[in-house]
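First chain written, first letter: the chains are A, B, C and D, and each begins at residue 1.
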């Protein structure tokens, strides 16, 4: 079994800040793409996450009539928190915050938390647009969740473990992304979906006046938007040990490689926004169940057969 | 440490369970129940049952998210904005609850539980997997037809449009007659 | 249990950060209390409250999902031991999945993945 | 005008009256050049730009949207495309004015107190709402039996829920034989990509449209002169693309629109527009997302998704050909009209209705083609 050391509680306390830094890079990438599409100069979007943060932090909060403020606040504050919890099981090079023997399942459990949070963010404001958006997210979640679970299982089969560090260590020589492309792509797609981003931004889209964001302003809105980029960052970070060989790589150390790979994946996830049309849940349901589900099951079969070959 | 976590989680779990019946909102009731289950999951984690604890959290959040949907859809009243009672047949329910609680509590306290003999396996998830594939194989083999039957049974009862409605009485329509088109055809 | 300590600390730190953001916003913003508004309906008074018996058009799909999803309980432990146990484990699990997938295909023919 | 000192990233919500469409184009162009962003809802906005002169019920609606901006907030009303940049810069300055913002926050609280008192003073609040809705309806020229129906809804208000807003009530059996609440959403100004002047009241079961009522129809105001008409078509195409989620393509369409309005050589813009149309035609994902997986055959009944896609491509093609050969005039054909909306949208998701409305390109409609 691979050797990772658990970082102390002080590092765990810094984890949210570190993830926030990664998410800021992601947000800068997304803002730059949008700014360039509007015709602004290259790199003009780099400062926009900060401009936007400053704007939202001095904007007044707003509540709607007869809103369920408790559940609304649970959703708003929950998004960034769950994103952090998602990331704690990911080893960065030789250190990890929580060396859980079931890290993969933990990640899965946290992504399921997002079901509840996006829906609650839609329910809370007592507003037609956001309520529809919250429900629409659940409709999409039913289609991506099972393929995602199988995509998470495939590397675990190959590594004979659910411990994330073991998964990274099992890829000496060949990355899982190379010989498990289906699982890798489904994982990335699901990451975009549970962050409600890009083609899967069904919970927060223009056709419902911003969906769950339709009534949210000020620091509340900031937390939701930051939470979404944090979720993308956590998923990108997780992709590294799951599919991209963890910290393995020449010259740079394992920590640097983990960060570099995560940034590349994150940039890819962020750049998908706006490049392809919205995938509506009523279309995607059948694709998830009739195409992606069998495909990921076959992927798992391949992983199992290869793992068996390797073991005997 | 384990004891602290246990007691905190236990209190949260019971408090959230009480909250289920004290609120006027289907959404709050459902998510209070979810919180209660999460606390139970934390208790399992405190007992070093890693896989079981995490999977309880995972499954229960998922199931409660879906249950909220049905609570809101199918209860015959406004799901949040009117006073409502979350309890039914109070007297019977109270009686059953008290009897069961007393029974279980008596059993818990009165039975001379044996001490632990031997140590638990190093990797419980692995031994769970081995059990499922080995000695408890029968469970798995039974569950698969049961789940299949569940799929067919619930959908026969719950799905409003079967294939005859979609393809006509002789199933001879080239394309299904669905109100909103899907993503894969047929 | 020891390993989960990190989670508790990270959770506390994340919550603290959320509170910090709220604190900063309170300190910088024009008003501390939120403004109460009617929900956005393009400048019209809402006809009804949005919280209502919402008709989710995909509820049949939830039934299929719930049944299929139970199988994940077995999947994760199985994934750990499949290489050690060998061919038998693969055959058994994929037979199990095959039965469920047959249910999925049947559900597809019934139009369960369509919005009703 | 001291461009360097202007705040970046201000979010702007536009509200457009019948005579304000060209002002809106100018405003959106200015928003883009300032590095600002168009908002999707009042909660998202710092500045409300009212284009043209809203009257009657529309003015009331603008007022209510204005009260829904969280603040710091600023409002500008524009009649002349020439004034746009200066007005926006002034609005940005107003956002920094602490004293003024304090006053506006106070206003918002007063309004909130009035509109949420319904709980205690239900009849009065109920009357207020009814009066306002009534105002909308008078202006709309809609049919009368449905007005009665909406009266009945409001009649239920005295037994209604919190804040004097009624609770949704049971619909008759739905197409799947279940009985759940039907509810209503008013779609109008302030929504992204929404045409000026149009107000719809939609009855929904879940998010599926079951009934549709036109509360106010826009008056045609588009212009026949080719560069402006081409810009309006590009604008409509951008709206469809935005709602379909393809925001980079929407941005490209908007930039072409702005270039046309700035008087850039049409021969230079036209190839970009044609390229965009080609990309849309070729996008498998757009076709699948809007139309579904099937290729249509000639015998098929027109489906909403198919109409939206062909219409959006048609808008770009028409704009392209107007730019290359202005003398040929407007070839744009509308495959469906406002009157066809109920037939197309009822039974579909609300998102489909939004796309259908954007595809109508009502802002580009000229009086003669009604």
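Just so it is clear, a contact is a pair of C-beta atoms (placed from the backbone, for glycine too) under 8 Å apart; a residue touches a chain by one contact, two chains touch by 3 or more.
On a predicted model such as this, the values are computed, not experimentally measured, just so you know.
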item	value
Interface with the most contact pairs, given as the two chains involved	A-C
Distance from chain C to chain B - Cα centre to Cα centre, in angstrom	14
Centroid spacing, where centroids are CA-atom means, of chain A and chain D in whole angstrom	32
Averaged-CA centre spacing for the pair chain B and chain A, given as whole angstrom	25
Gap in Å, rounded to a whole number, between the CA centres of chain D and chain B	43
Multi-partner residues of chain A (each touching 2 or more other chains)	58-62, 65-66, 68, 100-102, 105, 123, 126, 128-129, 135, 138, 145, 162, 209, 214-215, 218, 282-283, 285-286, 290
Per-residue multi-chain contacts in chain C, two or more chains	4, 30-31, 35-38, 40-41, 46, 49-57, 62, 64-65, 68-69, 72, 76, 79-82, 84, 89, 104, 107-108, 113-116
Multi-chain contact residues (two or more partners), chain B	51, 55, 62, 66, 69, 73, 78, 80-81, 123, 125, 160-161, 179-184
Touch-based graph of the chains, sorted into line, ring, star, complete or other	complete
Contact set on chain C toward chain D in their complex	30-31, 35-38, 40-50, 52-57, 115-116
Contact footprint of chain C on chain B as seen in their complex	1-2, 5, 45-48, 51, 55, 59, 62-63, 66, 69-70, 72-81, 123, 125-126, 128-130, 132-134, 137, 140-141, 143-145, 147-148, 150-152, 154-155, 158-163, 166, 176, 178-182, 184, 186
Of chain B, residues touching chain D in the complex	73, 78, 81-82, 160-161, 175, 179-185
Residues of chain A defined as touching chain D within the complex	33-35, 37-40, 44, 47-48, 51-52, 55, 58-62, 65-66, 128-129, 132, 135-136, 199, 201, 205-210, 213-218, 221, 273-280, 282-283
Complex contact set, residues of chain D against chain A	7-11, 32-33, 35, 40-41, 43-44, 46, 68, 70-72, 105, 115-116, 161-163, 165, 183, 185, 190-193, 204, 206-207, 242-248, 250-252, 254-255, 283, 285-286, 288-290, 292-293, 349-351, 354-355
